[in-house]
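Every chain is named by a letter (A, B, C, D and E) in the order it is written, and numbering of its residues begins at 1.
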Amino acid sequence: MFTNLPIIILLLPLLAFILMIFFGNKLPRKGDWLATGMMALTLVLSVVLLITKVGSHSAEVFTSSFDWVVVGSKTIGFGIMIDNLAAIMLVVVTLVSTLVHLFSIAYMKGDVRYSRYYAYLGLFSFSMLGIVLTNNILLMYVFWELVGISSYLLIGHWYEKKSASNAANKAFIVNRVGDFGMFIGIMILFISFSSFTFEAIFDSISAGQLPFGSEGWLTAAGVLIFCGAVGKSAQFPLHVWLPDAMEGPTPVSALIHAATMVAAGVYLVARVFPMLTADALMVIAYIGAITALIAATIAITQFDIKKVLAYSTISQLGYMIMALGVGAYTAGFMHLVTHAAFKAGLFLGAGSVIFAMHASLHKLHDHDTDAQDIRNMGGLKAKMPVTYWTFLIFTLAISGIPLTSGFLSKDEILAGTLAFSTINGHWLLPLVAFTVAGLTAFYMFRLFIITFHGKAANEKILAGVMESPKVMTIPLMVLAALSLFFFYSFNPFGASSGWFYSAVVRPASMVPELLQPAAYPVFYEAVSSVHTIAMVLSIIIAVAGVYLAFMVYQQKKISAEKLAQRAGFLYKGATNKWYFDEMYNRVFVNGSHVIMKALRWFDETIIDGIVNGAATVTQLFASISGWIDTNIVDGLVNGTASTANRAGGLLSHIQTGKVQTYLLFVLFSFVVLFILFL
Amino acid sequence: MVENTLHSISLYLPEIVLVVTLCVIIVADLVLKNQKHASAWIMLGGLATAGIFVMLQAGTVESIFFGMAAVDPFATFFKVLLIFTGIFVVLFSMKNRELEGYSSRMGEYYMLFSGMMLGMLMMVGATNLLLMFLALEIASISSYVLAGFTKRSLRSSEAAMKYIIYGAVSSGVMLYGISLLIGVTAATDINAINEAIAAGVEQTMMLNISVLMILVGLGFKIAVVPFHFWAPDVYEGAPITIAALLAVASKIAAFAMLIRLFSVSFIDASGLSTTGTWSSVEGIHWGLLLGGMAALAMIVGNLAALRQDNIKRMLAYSSIAHAGYILMGLVIMSSEGLTSIMIYLFIYLFMNLGAFYVAMLFMNKAGTESIEEYKGLGHRAPLAGAALTIFLVSLTGLPPTGGFVAKLYIFGAAISGGWIWLAAIAGITTIISLFYYIRVVRNMYFFKPDEDAGRIEFDISSKVILFALLVPVLLTGLYFQPVLEFARNSMLMFGF
Amino acid sequence: MELNIFGIGILTWIVFIPIVGMIIVLLLPDKNRNAIRWTAAVATGIQVVLAGIIFAVFDRAKLGINDAESFQFMEKYSWITVEAVPWVGRIEINYFLGIDGLSVLMIILTSLIAFIGVISSWNIDKMVKGYFALYLLLVTGMMGVFVALDFFLFFIFWEVMLLPMYFLIGLWGGPRREYAAIKFFIYTFVGGILMLLTMLALYFSVAYTDPATGQSVHTFNILHMMNPANYVDGGLLSGVDTTWRYVAWMALFINFAIKIPLFPFHTWLPDAHVEAPTPISVILAGVLLKLGTYGLLRINFPIFPDATVYFIYFMAALGMISIIYGAFCAMAQDDFKKLIAYSSISHMGIVVLGIAALNTQGMVGGVLQMFNHGIITAVLFLSVGVLYDRTKKRGLYDFGGIATQMPKYTGLAMIGMFAALGLPGLNGFVSELFSFLGAFEAYKWITIISVTGIIITAGYILWTIQRVYLGKTPEKLADLKDLTPREVLMFVPLIVLIILLGIYPAPAIELMNSSLSHLVEFINAGGM
Amino acid sequence: MSSAIFEPGLNHFLVVSALLFSLGVMAVLSKRNVIMVLMGVELILNSANINLIAFSRFTELSLDGQMIGLFVIIIAAAEAAVALAIVLNVYNRFKTINLDEINLLKG
Amino acid sequence: MELTTILFYLFALVTLGSAATMVFSKNIVHSAFALMFTLMGVAALYVLLYADFLAATQLLVYVGGILILILFGVMLTSQGYTLSFKTITVNLIPASLISVGIAALLIFAFLTTDWTISEVAERTDTVYDLGMLLMGDYILPFIAVGVLLLIAIIGAILMSTRLSAENEGVS
């Protein structure tokens, strides 16, 4: 059950990928039914697996592996591992994937590379499931990169656009930077513990082994592995790729850049959680906080519907990371799950809007208006009821309004950070967390209101807008349902009593006692003691944010422009995404350009020059000896005669053609040798 | 005394055959006026007969004519090489267009040729300073005239004149050196000289001076720096067949003489060690002297060759450089070194003659000696082009050609003898040599021939000669054991 | 283990089959081009089959390296023997072939790449006969180096490659072919001279005692050179950690570094690659470069373990510089071929770093990287070749939007690109992983700096993909045709290997694991 | 005593020979005319002969020295004959026998 | 002073003096005649060294043969437009440096060398002894030198005669 089923789940999307890449174009309807069907089958199997696993109410971990390769005396095995975490994640991935497959049937209709698109979706699903299922950090790295490449391929799906291929490159390269750290972390672990499996690594650590015998290296290993998560989950300072990744088709954004792949970083941190030291966790928590704050501020200022969602994704991922950092493990992971549902919903909803806008613009033969700019929308509520209502649910969920799933998870996170700060005084974390909660509610409703309410920016466009077809709205409805509280906990105000909390428990830390966070022993008590305060605070702040958005954008009581002016450089900074792109361009892109140009010059001029220089130097010697010949030797020979006209020539200069000169040399050498011999 | 003389004559048959050949050619020249190649065939017959007699002497170790000359495997080895060279050069001469304008004089050509062969054969066997000098002069005087054989050509005349002046002065100096050596040791036989020196000669300065002066003469013959100046001019001016003869046969004979003279006269017979190295007579530093000359020859020869456009001139400088490599084997003062010299010369014979031969074919057909004008010849004459490439590659010393084996042994001997710096110079100059050898190859292949320039065809006999040169070059590159053993056995005459 | 076919050992067959082919090619009339091509294809095809047989029956457990008994398919015939003379001892050169875990992969690689090279040479029209004759000679040289266990033989095969390569670049190459050819020639020749001198020094320092006769025998046998007991007293290279041994190591190292090519001996490579015709670039990058690292492993390491340990840090540092430097230079190129050439420098740097780790992971990674890089660059050069055949252009900015025009081709080429970038699931990743793992154990910081190379690599590869394959198709490229079946045929085996070895490298690794483990032990024990 | 120094001994002859040799060298090196150069060569050969015969008189060499001297004279004659023939030929071609004007071959 | 001593100095003076005249004379004919006196002086020195046969040979071969040859050479090559017997000196400085150097070095070497002198008694019948040697120990060089002369004659003829008319035009 736990050996074969996961493997089938893993391999089905791969099979879909292979079939689609080779035969996609030859199948009827270009094979979309095949891909979607196989994905749906995977979903069913995953659900079966989840129910069996969680239903068994045991924390048991199933692993099975085989020997991949033997190097020297070390055996490297690959295998799968099923625990509750993985089982839940499986369903999340397959569910969103299936819905996205379904959604795409309409959204991508008529695309030139339709079957290729489905193939890549299959490849992505396979890789993502690989990340979820693996028992082994190396294999995780493998799939990690594979999701990277499928993300690359999908972002660059419309590669004719320069911006799309740029975004694809950026995504991959920025991720590589993170992976670089992760790779080094993996190397540290393998060199120290001779194994890649989580189990073996944790066992070694708990047995008191430290990498290179140093606690610092253990922290370093943790932080380096976390670098992978920083890249993939778009955490500060590597968050810059995600907004650009919106160049991909919107369903892709929903699947990869909102629900699953970007959450893989969180999953990774959750996976390696037992080996993280207190210092590493602190780093993680602060990185998460910074990310959450930065992204939220930027989100306020954006007008591209997908960009707003992208920054909100970054911000929410920051939340999750922060939660893990402070030790609110379950809350962080739960937020991952809930966020997957409502953020995928938001993106698909946005996709639905964009699809409609496109259709309308297409009818108007308008190719200049940006279909994704919310300033071109407005008043869509009437035209697209299903999209509107589902979108509202998603917005409420992300804003953390009670009765939604988002409230449940976010509330726990806030409680966790607050509890954390009460124990060791890192008050910055809850401060950021609550600020971001308010900001989230504000900018999400800003988006929602501008898009759906109010006056249409252009009546003509609005007139052409129609509700999306069923294949698109059904996924929205499913996701909307999943964004409500009861799927996670029957108590709408506390998740801790739900099945989720019992299924996912924070694993025990394996690091030496001294390195464990001081907060752990008393953490849960602290959480329960601050829980109510946190909940109240969070509701107040969320509602305040929503209210403010209403004031500004619905009622127009407060002028958005004035607010922006008041904020001054803060606004300017946020609009320009805090200049991260510019800075990276200056430093890294230009820097590497300078280096590469310099090295190229160096290579072609110096290194090659030295080689060619061997000839030059020979020539130099030649001319020097030629000069000596002409001016000294010949001068000697000819007494007084000027020899300036005898230019050029090497040793051939001695070869004057005059036999007496030759004899002179011979006898001269003879005399010299003679003297030497005396 | 008479018996001794008669016995000696029976061991001197190869040389006598050559004298007879000379005489027969004189007669034939008078009788057979209209036979184009009559003299050549007689010469070939003579050389072949001489060769047979040389072979028959294999293994004999005897001193003949009252110690004047020796018949031993060492001499046999070199005589074989010389006769090979002679035969090839006769064949070249029959093919050479250059000589065709002088058909009425071909009799004289072959007379002098056999005279030169005789001189060289005598050089190889001579063990007496007088006979050495005499043999050297016989070879030299014939070659002076041969270098100027194409006398209508200004260049050829000039070459002959330069050659004889240079040669006369050099042999004069050498003679002076010989006179001093004889004076110091009161002996003319090289073994007696060695005995005298071994018995203790106090006048080491005099000995050194005489060695130096003798080296001037032999250095001239070998064309080694700083006594090489004549070589490029003479090779360029002389008919190509004679240039080939000078570059190969002359050098072989002179090396044989040099080796015999030095390694018999100036080594400390009591200092022979079991490791096969010897030491020179106390006070005479000829090892270092020759080492310096070898290094200079390698450097100067290879560097100067870089600038040459005339292929004969280029080959002249290359032969100077090769003289340097060969000399390295002597410097080491071990039987290893001598063996390697012999192997080198054996292979050098084929590859250098080959290069000269193809140059001659190209001159016959394309009428040029200029490397610049070799452009596209590789396409026009694929076989000859490929052959020249192989010869040049072999001269560079790349496997799987004989040249590689030759270099391998010389370098190996140098390293085993501890002359690392010399080996290093040899290595570096080998790299330099690549530039000018490969330039020829490049010109032949990397340029398209002119549209109207047709394919160059050669007759069967030309091809046969070409293959006769090519096969040993390639064969020795892969399987050189027979040569090695031949050379090694030929060393036995020195008793070590 | 022995395997004879018609009484002749399989290694002799695999080495000399191309020579047979060459002779047939030379005998065929000029006009009959297809017969010439087919002869070459058959000759190299037989090699592939033989390599397959070797792969199948190769005993994975035998050690090789310094132990004559455990070499496989050994053939040893006396070639040149000069009987004992009192002061030198016997002289011996053997025709001595054999393979162990170190060479077996290289043989497979060589035969495969040679075969694919022939297929991609199909459209060479100029002087077909000469081309294939030289090509087959080159193949023999390469194959010979990988199987020779006698230094003399090794050297001969090594140098035999020079001239064909010179002509193949110089006659069939691009506009600056002459410069490139001579540069290649001279570089390699310099190395060859260094190797020759070292070889001779070794020869005179090594003499083993023939158990049968009790004679002392000077030999070129590489295995005997590895045994410290065989060094004669007072030989130039006798002893441990002597200056001369360091000098000898250095001389050999420079020779091999030129072939690899390692910074700063690399500048021949970009020129040679750019000017060489596609199949020759494939051979050059696919096999020839491996000769350098193979030489290090076969000769430098086991013969001079002391000097190896002494210089190893230096070597690792050079590997690191090559990785970073090559990657940056690759990024700076506008010429597709030059870019790949520099990427080769970078990737071969990984090999050097891996083997410099002197532990099993590193070695395995390094050797596997040799194999993988051979396959990957072959694909890359074939990709350039396909475009060059159609457009006669190589500039990166001359292309764009190829993906739309030639989807099949783009798919295959991109797999090669991704493999070069070290994408997991493709073979490049596996070998890089082990190389770095090994290196990290030995040198933390050097490895960390080297790993940044993978970021730069990703940068230039993706940038290249973007410039060449993505974007809108310009007008001038609108009528490009996708791959012909022949072209697909030359890609497919390589792509299949890229993916197979990426997923399951064990068949390749198990071939060499025991040999390389033994080599590591051997070196770390100081060659005892 | 003083007369012993002036008594012509081996050294006296050798000194004469050395001077003759250097005069020959001087002629060879400094004369433009080929025939003068050849005369210089004759001086060198004669100086060597003086050596040989002096050694034959004053050392154990006995008659061998004279013998070699005899051969040298013959060789010198042969060489001179050939040399002059070559010079005549050169004169016919170049219409000059000044050595520094005959240098087609160089470089 | 003994007669031989006086004679030695006289002959040495004649030899060296006329040699110097030969070298430094501006007129080639003068040089040739100076050479004659040198050669005769050398012959006289031979007599002092008890080498009467050689002295005779020297006179016959050198003075009677080589010198005449040289004079012919002078005459044949000094005609035509370069009707001048003047000889011009080149390389004067280096040449004199080298010759002086050689002379100095040689003399220094000779004088510092400790020769082992074993003076022989005055010989009367060197001709007979030489003859015996020629037919005995020196038989091979004797024959060889004959061949040498043959070759020289062939060479000299080849070099000095014109090619036949029909071939002359070929070049």
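We take it that a contact is a pair of C-beta atoms (placed from the backbone, for glycine too) under 8 Å apart; a residue touches a chain by one contact, two chains touch by 3 or more.
Just so it is clear, the model here is predicted, and its values are computed rather than measured.
Student: Taking contact as defined at the start, I'd like the list of chains shared as neighbours by chain B and chain E.
Tutor: Both chain B and chain E are touched by A, D, going by the contact rule given at the top.
Student: What chains do chain A and chain E have as common neighbours?
Tutor: B, D
Student: Please indicate the chain closest to the centre of the assembly, with centres calculated from CA atoms only.
Tutor: The most central chain, going by mean C-alpha position, is C.
Student: For this structure, which two chains have more C-beta pairs in contact than any other pair?
Tutor: D-E
Student: Please indicate which chain is farthest from chain A, where distance is taken between mean Cα coordinates of the chains.
Tutor: E
Student: Just curious, how far off is chain D from chain A if you go by their C-alpha centres, in Å?
Tutor: Comparing mean C-alpha positions, chain D is 96 Å from chain A.
Student: How many angstrom between the C-alpha centroids of chain C and chain B?
Tutor: Result: the chain centres lie 42 Å from each other.
Student: So how far apart, in whole Å, are chain A and chain B when each is placed at the average of its C-alpha atoms?
Tutor: About 77 Å separates the centre of chain A from that of chain B.
Student: Using mean CA coordinates as chain centres, what's the chain A-chain C distance in Å?
Tutor: Chain centres of chain A and chain C, defined by C-alpha means, are spaced 37 Å apart.
Student: Among the residues of chain E, which ones contact at least 2 other chains?
Tutor: Within chain E, residues 90-92, 94-95, 98, 102, 106, 109, 115-116, 138, 141, 145, 148, 151-152, 155, 157-159 contact more than one other chain.
Student: Two-or-more-chain contact residues of chain B, please, as numbers and ranges.
Tutor: Answer for chain B, listing residues that touch two or more other chains: 130, 134, 137, 141, 144-145, 148, 151-152, 160-162, 165, 169, 173, 183, 186, 205, 209, 232-233, 307-308.
Student: Which chain A residues reach two or more other chains?
Tutor: Answer for chain A, listing residues that touch two or more other chains: 649, 652, 655, 657, 659-661, 663-664, 667, 670, 674, 678.
Student: What chain-chain pairs meet the touch criterion?
Tutor: A-B, A-C, A-D, A-E, B-C, B-D, B-E, D-E
Student: Inside the complex, what are the residues of chain A that reach chain C?
Tutor: Against chain C, the touching part of chain A is residues 21, 67-74, 138, 141-146, 149, 152, 156, 159-160, 162, 165-166, 168-169, 172-173, 176-177, 180, 183-184, 187-188, 190-191, 592, 595-597, 599-600, 603, 607-608, 610-611.
Student: Would you mind writing out the residues of chain D in touch with chain A in their complex?
Tutor: 25, 28-30, 37, 99-100, 103-107
Student: Which residues of chain C touch chain B in their complex?
Tutor: 79-82, 85-88, 91, 155-156, 159-160, 162-163, 166-167, 170-171, 177-178, 181-182, 185-186, 189-190, 192-194, 196-197, 200-201, 203-204, 236
Student: Flag every residue of chain C that touches chain A in the complex, lowest number first.
Tutor: Those in contact with chain A are residues 183, 187, 263-264, 266-268, 270, 325, 328-329, 331-333, 359-361, 364, 401, 403-404, 411, 418, 423-425, 429, 433-434, 436-437, 440-441, 447-448, 451-452, 454-456, 458-459, 462-463, 466, 469-472, 504-506, 509-510, 513, 516-517, 520.
Student: Spell out the part of chain E that touches chain D in their complex, as residue ranges.
Tutor: For chain E paired with chain D, touching residues are 1-2, 4-5, 8-9, 12, 15-16, 19-20, 22-23, 28, 31-32, 35, 38-39, 42, 45-46, 48-51, 53-54, 57-58, 61-62, 65-66, 69-70, 72-74, 76-77, 80-82, 87-92, 94-96, 98-100, 102-103, 106-107, 110-111, 115-120, 126, 129-130, 133-134, 138, 141, 145, 148-149, 151-153, 155-160.
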